[in-house]
Structures are given as structure tokens and as C-alpha cells.
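Shown next, in C-alpha cells, is the structure this report addresses.
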């Protein structure tokens, strides 16, 4: 409805929306602010907002205790790796389901999703034993594969919904034009579904980045990502809010920034077929 | 070359026999149009020829070679889709070059051919745009360009103009006709618009529920439809069909007479009726005449100047030699 | 009642003046059609009347009451949208009943009115289906049903038929005309299809870039277009326009002659030319005659039986009293 | 070079050690150290999973006096009887050494040891007009808590652990129960939560906490209470002796110069409420570099390391509670006002006879059987539910009894 | 596009994914099933062997079991309720023309990027803490006794944290769905005399049905597996008042290291999850087809 919205109405909406947004964002803002406070100020009562001696000491302390960069690198490798691997597997699978649907396609999709319903804690011991046997404990490869498998159903589902929006005629046209199956997927389907693929990619990087069970339990040092980094800061002795905040900020900042910069793609693609 | 023979070609989807076995011969260089009501199997038949669907029976012979099991790319045919099916992420140039690229042609040759096709289709100044930046008609031309560069032995068109608005449709219709004139390549063209069928075809194939009702030149079909279905399908507005005693007077179960073959007179004529809705197009006027006692309202075409009003009584006279007679089973007598 | 007066109504979107101030008078019971090229402001004007957009100037008076600031629901108008805008999750019955439900009518009365509307529109057997299970034509009828039950003082239609295929379009066109005949309620109908405009309208409003070019009955516009724009817009195929020496011969800057007002003769006539593409529709044939020396190809309509071929030389003669003359600024002389 | 993967808990002393390892690597250029520093629970999960499945991920692990005997018995730990002479094994405090040995075989070396004691605010006590004796009874504690309690000014009489967990509230309450004469199991492994001693313990615990405790005590653990005390919000706090150095550290504590110490309280039955715990370094049998690991653990728990810390960070910061020699060092005793009270507390704890009545288990504030983690935590949850006001004393104890019986039956202790 | 060739290709391209997921499902499942009939405590490698259904009996007869099932439903249901209702509200709000829409959107979706452990730690320590938390400070400001969120309303507090994490997701999907509603439908309703509230109720909400189902499906899948937040904040307590089924399995697996009972618990959880799933999938399947 493109009738002009009265400025009063717009103002009210703006105030409301900003209030809600700031409330939702406040915990993050507070964490970041706290990370710059000296420890005693972090627990000061009444709370101090901006007028304190800003300090980088917490970051310095945290970094001195741990090599942040190693964890960061592992997080990047594992989340990107598992997502890319997942996409490589899921693109052909989603192609099949979207363009050559069978009677069982829906069921298959639902079955894939249902594999996510197994509680991870229940299978930790078996998986741990398997990993030990295969020598995959504390290896980036092992973790990448596990995270890929965990997110694969989501990736397939997302891609499937995007692919279904692509008219089959275009792929047929490519086929008439002499494209082989792989050229069809590489030169036509993938570029066309790029917004969807980008959004799938982002969502899964986020999910993988934030996965906190397998990453903590299957790693030691070599493959330990930021979730494990955080697990070492949750409650040391003494005042720790500021250091915890610094560590938290370091763990979430990369993905938060990535999320902010790519939120358009993420939002655009995040439908799971909820929008026809 | 582009001679295509279908012999006993059939298609079923699961239980549904969409195309019962049919035979069809398409000569090299012919412009063949498939028409028929929605859902009658036009697209399916075209896709069978293209190889985008497997036949469930019969053989498809292209230029004397059995192509039944051959992949779409190998059949040497090009297809233009209703939705244009352009690659939206590629420039017009890349779209047109795509088949050449897939065939592994050297870059220089690709460029040469693309330029040539663009020239034929007046696309030269749009080569670097994306399909999204083109109008409907231009998109359709790109789709045709993509088909041309492959130098196929036949073009297949599936309702290529149905997404264009009326004015553009007329223009593109002419362009495709001219292209055929120029290339003389076999073209198979699916439409449900009978104006397109009439104006473009060398040969029209009328399909109904997967069966071929009649094959012939446009005027053949207009002048001597083989059965009631074809009679009703070809011509606009539709032929008036009259059964009952009046038809028996002509020794037929049903007679048909086209609106343009009935003359109107305010005081005298064969049939008497009352004017219902009238449609003034300026150039012509169509009157729907009711209460004729013939069991159906008749549509009559009169000149643009004729002025009759709702409720006026009129008299109608058919041109006797333009009356079509059909038997009980609907076949032409 | 349904008398609508626009006085000085204008609309701008940001910088763009889409509708410069215009005046228009619509009488009660009239069937008014807005036509014009795409983007000329037809929909905007309709939405201004409906109240779905705010005017940036001028007043809209409905039945003598100033409705400029009144909310859409209060104006007593009903609208039928191009996309039908049916509520997909409601049954046909609930769709049609929706305005009544919103008005708080008792259930029994709602049912009665819905049944009545369904009967008028032949929807009775579909009342319990969802819109998704209906064909395009049926959907459009549901949309009309939803409009009818409100017993509005005027109906507004925005290209209601443009999503339907040709055959259905003809049918629905007649249904709407009949509905108007029956209800005699004011209808304002937007289209860019000039056949619809010609056949349905009591009064056509030709818009161009937001300005009204001409208002009049269909035959008025066909016979005496006020300017070249209207002349070219009304009539199909388009009027042939000739400028230059030949036009000066008629004391005009440009002359126009419709295809149906030119006769063709193989050996004699006023203008000589060569047959280009010809389109045989069975009932008629359109010849495009080239190299006439008049600066443009002429389109000529001849009977279905005339047989001329590509490249034949023909002679053309216009009917002298059907020649339209326009001055330098495009106005009718 | 050999790489040692060392799992440590994220407390101050361990973190400090990481900063000082240059000294070790300089001496052992062929050994590289990799640190895995985790919160206690996560550490325990990771290490247990690994060691029980012979995952072989760690070369040195940080475990407590609870795990060492159990794991040692399983053969999961490398025996440490062959440490070099200069290590001076005999210098280790006897109760600690006993806790880390199975049948006289040492399976871990203590990094620091602790008991628990009372910390209180001298200024507040004075203002309230109460004195807390060096060997208080629970009645003294109650009286002092009541006197010092001033919630309107954000000061609570006493801070105790309330957060559920076998290493959290269960540990504290068990020591309290010991001093009340209660025990976990009788000699037939029959749980004893239905005994009057337990009822008295929990009743008093709840009275203290609900009347004089801070709000939300049911989620307060060591660390939360430490924060509270450092902020000056607690009149008293009964907890680990290691806290002594934190509460007297002027950098982090607002009350550093006002803290007094006292032994864990008793109720006149001969047992004091104080525990015994040592974070210790051990070497899993699955380690592929046991020799290098031995060198490391010996270094990290040596006198030399103590001196290194003293040199770099001051005597107050050396890891306490492991060696007799430390408590004979005048410099240390001078720098650490809590030192004497610490050693007294440690010596007052007896893992083999934790309470008044006889018990079939070892461990002061825990029961050294593998099932204890689960049972202890579940029981702790019942107590914390009672603290949160969700259950009455009787309900909580009944529930504790029921689940303990079930677990012990399942585990086969009760036939 | 169903030629023989393409069907064969489709099967070939689908199979790696299906196969991998099958392995990923079957192998642990089989091992879990096997363990669930074994006496297998990690801490007693020597005591092992087949013990029939004991593990299941233990798990199901644990005092916390039924409470855990109820808590699981409360947690999942509570979060779904908050996120769906809140998500619709926020989506409606930020779909309106406002100043700074881009920034508002960024702020609103931010919680989605936060790792669950961080979220739980931050909420627990810096907000819920009854002495140092910001909520306590806020209560003090209005002269109320600080409320002990995690002690007095453990499940509610956890629902709050988890809802905060998932609200952006729900909002995003609902917002996209909302934006796909054709304005003509709303205009038609307006012409039909429906005021804004009725337009929401009769037009927007039904339009969102599909999106809501998707939100419910995806969130349920993730929420059923939640235990990290519980572990960090309440440890399932006080008592067992915030123990969910997954947390119970966690307790068996990583506190008691009783792999056998944990396996049995895992199987029970899988069965329950699948019962939920069947209902969900039915609903979703129907909604997605329509």
C-alpha cells in the first residue's frame, strides 16, 4: 500500500522498532562494553555505561593466556570447510530432488531432516570410539566431516527450495544447447541459484561456527575452534566478567561482522520454502 | 536438412496415455504448427521430438536416422521456450554463444557467429546487456538467436509468443515468418493461438487429446475442416454450429456456418432473430443474435457501419456454398 | 447511484508527476474504459478513485459527496484486481462473503447474498473450493462475486482479463458486459487491450502520459480520433499514417487511412505497391504492401478469398471519405 | 621434538604456570608444550572420555583427588614412584600424598592443595560486636551471620555454595554433614539421607542461607561467592583455602586488608567441616610420551617452580598446600596471612575417616567411587532445589535418598 | 525433464548424500542400540556384558525422567511460542516504513550470530545474576528485591535465553514471508472494509501459516537437542526443575559416564523425537505441498 505514511505514524513506528531492536541487541552491546572495563568496574553497582577508563587489558590478558589466532583459524577452516564440502555434496543432490522429483522425494527430505533429531550426547561415546579408531580425534578433517554431516540436511533442504524456484525450462534449454550434466550444473544452475547458495553458505557457516558440542568434545588443541576457546573462560577464579566479555567478544566478533555485512543475502535467501 | 518422421510415437505418464500412437511426416523446410486446446499434448509432442522426454513407444526419425534414444543435444535440433529460458546471469552475447561454447568452438568463431546472428535479429546494440534488462520481444529474439547459431536441422518453438502483449506478438510473428523465409529451415511451432497458426503455418497439425484431428494448410482447414472439432477450432469468432431440423434440411446431422458468411438484413432473410450483445470493433461489428429458433445463438459479422441495437429484430442469410455439413459422428460429409 | 467527478485530480510520486491535474465526469450507470499505453497512469488513476492512493491535488466527488479524504472502505466502491487478489486460504464462499462478514452482516444474510451472487456468476458448484483449485476464468468470477455482494455504487476493474488466455478472455468480456447490462451499475474498467475497450465501453477515456487525449464513445474514437495518438491507438491493425507530398495533396500534414478502408485491385488504383508478408486468417487477409512510394508500408485488409502472393504488384485505393487528416501538431483537421 | 598436550583447569595458578613455562622449555629444548585450558566441568568430561576410551589425546592431565585413586586403580595412570631424588617426594604433605596414592603407589603429583576454612570480615564483625574464634562452632557462625547481616546495605551475613554439583554445593554440604556426624553411606553402602544428622545439617544450612544469605544463592558456586566477597558483600564465607590469596589481593579485592580466617566450624563431635582437595598432574597410560611428561610434572610441582613463582609474582602467589617445606618458609608465612590456617585445615582433614561414624569409602567431601559424580550432582540438585524454596528439607532428603538408593542398586553396591 | 538418462543421473548424484547420511545415521544408531543393551560404564571397563533392558528401565525409572519429558515440552513449546509471536510482531514492525530500517534489521538479527555458550554465559552472569546482574540492578532501581531468575524460574529463564537466540531466525523467515504477501490482497481486504486488525487476522496470519510451520519445524529440530544452555546456566536444577530429556542423557553420558544408560536414553529420546517429528512432518508436509 503505497499511500503516504504520515510522519507521526512513521515516528511512532521508528521509536517502537528501535526500542525493540536495541533491547534485542543490548546483551551484545553490553558484552562489548564490559570487555573494555577494568574488572571491578564490570561488576560495579549501579552499572557503569560509558564513563569508565576504557582499557584493552582484558584483551591483552585473554590473548596472553591463549593463542586466539589458532582457535580463530580452526573455526574458519572448520566452518568454511564443512560448508563447502556440504555444498559440493548437496548441490547435485538438491538438483536431483528438485528437477527429477520422484514420489518419495518429500519423504526423503523429511528423512534427512530427521537425522538431525538424534541427540548428539547420546551418540558421543560411539562417535568418539569411531574417531579414535580412525585416528580422527582432534583433527580438522574429522570435525569438518562431522559438522558437514550435521548441517547437510539443512543445506540440502535450502538448496532444494531455491532450485525448485528455477524454471526447469532453463536447464532443458542448456541440455538442448549441448551442455552435459556437469556443465548444466556448473554453468547454468549454480550461477542462477547464486543468491540462494550464498545464503545457504552463510547460514551454514554460522551454524558450524557456533556448534558447541562436537567441537568441544572431539578436539583437544590442533583442531580446537573458538567454542573451545570460550570453554576455558567461562568461570575462572575471581572477578572475570570483563575477561569473559573480552573472550566472548573475540569469539563472536568475526561471525557477527560477517553476518552484518552479508545480512542482505542471508535475509533474502532465508526462507526454507516458506515463501512460494 | 530437417526431415522428421514420427511413426507410432506414443507417450504415457504413469497411467495417463497422453499421446496415443501417432504418425506424422514433416518435410524439410516446412513450417509446421501444432495447435489444439490446452492440455492436448502439444508441448509433450514437441518435447518428445526434442528428446526432453522419452517416448513410451514408436520411433522418431530425423533426417533418416533413428533418433529415438539419442540425447537432446545430439539430435541437432534447437528449441525456443515459452518462457524464453534465457540464462539470466549471462550477457546476451554469452547466452547466444552458449551452445557454441558447449560445442567447444574456438572463441573467435563463437564471436563471429554471435555477431552474425545478432545482426539478423537486430540485437547488435544489446549484446552486452543482461536478459533482465531487455523487453519481452528482445528476450524472445535472444532466445531465437541462441537457436540460430547452432544451425540446427530444425527449430522447435513452444508457444514462444504467449508471454508478449498483443502488439509485440504481431511484430514477432512477422519476424519469425520472415526468418523462416530467409533460412528455409524446418520449424515446428506450438501455439494455441489460432491467428498465429493461420498466418504462419505451411501446415497445421490440429491435436485433440493427443490425437491428430487433421493435418493441412491453413486455408484447407478453414475451408474444409475434416470434422466438427477442427471446424470449431479454426476461425474466429467460432463457426456457428446448428443441429436439428434445420441441419436435416441440408441433409446433415449438424451444419456449420462461419460468422463472416452470414449476411444481415433488417427486414428479410432466411432466419429471424433478435440482437443480443453486439461488439463494435470499428472495422467490424459482431452481433450475437438470439432466439433464432435454431437451438443456439448465432454470431454474425457485419461491417463497422452497421448499426443495430440490443433487442432489434434482424434477418440472417447464410451463403449457401459456405455451409459445412457434418454427420452424426462429427465427420465432414 | 454511482456518479463520479474528478476535478483537478493530480498525482505525483516523489518528483514524478504521473497524473497532471485532470477533470473527468462519469455518469451513473456508465461503463467507462480507461485505455492507454503501458505506464500512462491508468492504474494510478483508478487507485486514486478507489482511495488506495492519496491525491496530491484536486477533489474526487462520488455521488455528490467529497470523497477525497475518505477511506477506501467508506467510498462504497468495489475493485477487481488484475491478479484477482483472492484470499488463497479461504473457500470461494468465504472469499465472496468476506466483505459482508467485515460489514457484520448476520450469517444467514451472508449466505443468501453469496448464493445469489454465485448463481449470477455460475459459481454455485465451486463454492467450497479454494481459489487455487479454480481456473483463471473462475477465479476472476470469484473476484467479481466478491465485488458484487457489496452492492457498490461503482465497480473498478484493473485489467481484470489480462491474465487469461485469449479464448477465456473473449468469454469473460461478454460476461462482464452482460453483468453491466443486468446491474446497470457504474463500471470503470482499465485495460490496454483495445478490443476490450471497443467492445465493452459506453465511453472510452484515452490516456497518454497521465493526460486525457480524448473521451468519447468507441465509435466516436474510431471514426473521428481527435489526434494522431488516438488514431493510432484505436483500431486493429493500426491505421496507416502517411505524411509528405501525398498528405499535402489532401491539404494536411499527415493523413491516416485504416486497413479496412483501402481496396485492392490487381491492375488499377491510386497507389501502386508490392505485396510483402500476407496473413491469411481465413475470414480476412492482411497484406503488407511495400514500396508504395508513400514513405511507409501500408497494411490492407482484404477478404479471405483474395489470393495474392509475395512479390505481386497491386494497386490500392483508399475510400476518400474515410481519410483522416491531421495538422502539424497531430490534431485532427 | 616431543610435544606434550597438557590439559589444565582454568584457574589462576594454572594460568600462571602457563606463563612461566619458558623456564621449563629452556631446560628441555626438545619438549614442546601445548595447552588445553578448560573450565572444570568441560575439562573433566573431555579428559574422562579420552582416558576411558584410551583416546591418547593428552600427555598430562589435571585431575583432582577424587579421580586419582579411581583411575589409578584402573591402571589408566602412569605410576610416579620413580621421580628423581631431588624432587623430594617426602616433602609432600602426608594427607595429600595419601589422597594421590593407591596402595602406596603415587599416581599423581599435587600442583596445589586446599582445604576449606572460614573467611570473615574483621571490620564488619567488629562493628556488629561479634568475635569469631579461630576454632569456631556452627553456633558461633550462626550468631556472627545474624549479627553481620545487613541486606538493606547489600551485605549478607554469610555466603555459602548453593550451586548444584558434586564439586560445588555437595562438597561443602558434605563437609558440614561430616561435622554434624552424618555420613553418605553406612558400611553396607546404604545411603543415609534419612538420618537425623542429615536432617539437622540441611535444616541449619537452609536456615543460614535463607536468613542471612545473598539472593540467588542456589546458583552461587565458588566463583560467584568469591566475587561477592571481593566486592564486600559477604560477612563470612566458608570455602576453599586457595581463596585466601584472592580475597587478600588488593588488586582484585575491595576488602583485602579486612579479612580474617578461622578453621572450618564443628559441632562438638570431633570433626570439623573442612575438605581436602588437590589439583594434581597425572600422566595417562595412553600418552605416547610418558618420559617427557614425567619431566614436566616433576618440574611443575617442584620446589624450584615454587621459587620461580615467588621470584616472578611474589610469595603470596605460589601454589599452596602441597609441600611441608613451604610452610616452613618464613618469607611465605609472612606474605600469606592465611598460610597457617591453610596448613592446619589440611592437616585436620582425614580422607580415610571423614566423619564421626565409620564409612566404607575414602574421601572427605566426596566418595571415591565412579558413581559419585552422578549421585553427588543429583543430590546437590535436590539441596539446591531446597535452597531455591522448591522443596522442603524432608522432600529434598527423601528425593536424595530415593535416587541414591536407585543408583547404588543399579551400580551393584546394594545387593 | 524425466528422461531415462536424467533419472539415472539424478540417482547417481543423490546417492552420495543419501549414503553418507545413512551411514551417519545408521552407524551411531546401531552402536547406540548395541550399547543400550550392554552394561557399559566408561569408568568400569572391566564390568561389561549384555544386561537386557536394564539400561532402559534405569533411565525411564529415574526420578527425573517424567519431569524431564514435561520440561522438554515446556522448553520447546515455550521458545516456539515466544519466537513465533515475537517474530510476527517484530516482522510486522520492521516491515513498516521507518527511519534506519537497515540498522534496525542488523540489530535485530544479531543475536542469531552469537554462539550458544557465549549467549548462556552472558545472560547468566551479566543479566540474571541476582547480585551483580543488570536485572538485579534494574530491580533495585525500582526498589524491589532482586529476583533470582535461575533459582526461582529456571526453565523460564532458559526459555528466555533460547528465545533470544532464535527470535531473529523466526523474525527473518516471517519477514520474508510477510514481504511476499501481495499488496493487492491487502488492498482488496481494505476495499472490502476490513480494518487493520482484521486484515492482520484474516489475511496476513493465514498467509504466514506456511512460514510459521517452517519456523516451528526447524526450531524444534534444534531445540530438542538443546542442553548446553542448561548446563551453563542451571545444571538442570535447582532440583530437576530445568532438566530436559537431552540434559538427562547428557548427565548419564558425561557426568556418570554411563555409556550404556546414556545410549538407552538416546534411543528413548530418538523415539520421542520421532513421534514429535511424525506429527510435525505431517503438518509441514501438508503445508509445504499446499
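Structural remarks
Think of it as A, B, C, D and E in the order they're written, each chain with its own count starting at 1.
The definition used in the following text is that contacts are C-beta pairs under 8 Å (C-beta built on N, C-alpha and C of every residue); 3 or more make two chains touch, one makes a residue touch a chain.
Since we're looking at a predicted model, the values are computed, not measured.
Fewest steps needed to get from chain A to chain B, stepping only to touching chains, is 1.
Between the interfaces A-E and A-D, more contacting C-beta pairs are found at A-E.
A separation of 90 Å divides the Cα centre of chain B from that of chain D.
One simple way to say how far apart two chains are is to compare their mean CA positions; for chain B and chain E this gives 56 Å. Averaging Cα coordinates per chain places chain A and chain C 53 Å apart. For chain B, the set of residues touching two or more other chains reads 52, 71.
Those residues of chain D in touch with two or more other chains are numbered 45, 49, 53, 154, 227, 231.
Shared interface positions of chain A, i.e. residues touching 2 or more other chains, are given as 1-2, 43, 45, 124-125, 129, 172, 231, 234. On the chain E side of its complex with chain C, the touching residues are 182, 184-185, 187-195, 198, 202-203, 206-207, 209, 290. On the chain E side of its complex with chain D, the touching residues are 41-45, 47, 54, 58, 61-64, 124, 129-132, 136, 145-152, 231, 233-241, 251-252, 254-258.
Within the complex formed with chain D, the residues of chain A that make contact are 39-40, 43, 45, 64-66, 124-125, 128-129, 132, 137-138, 216-217, 220-221, 224, 228, 231-240.
Those residues of chain D whose C-beta lies close enough to touch chain E in the complex are 41, 45, 48-49, 52-53, 70, 74, 154, 162-165, 214-219, 224, 227-228, 231, 233, 370-371, 373-374, 377-378, 380-382, 384-391, 396, 399, 402-403, 406, 410, 412. Contacts from chain B toward chain C in the complex involve residues 38, 162, 165-166, 170, 174, 177-178, 192-193, 195, 198-199, 218-219, 222-223, 234-237, 258-260, 277, 279-284, 288, 301, 304, 310.
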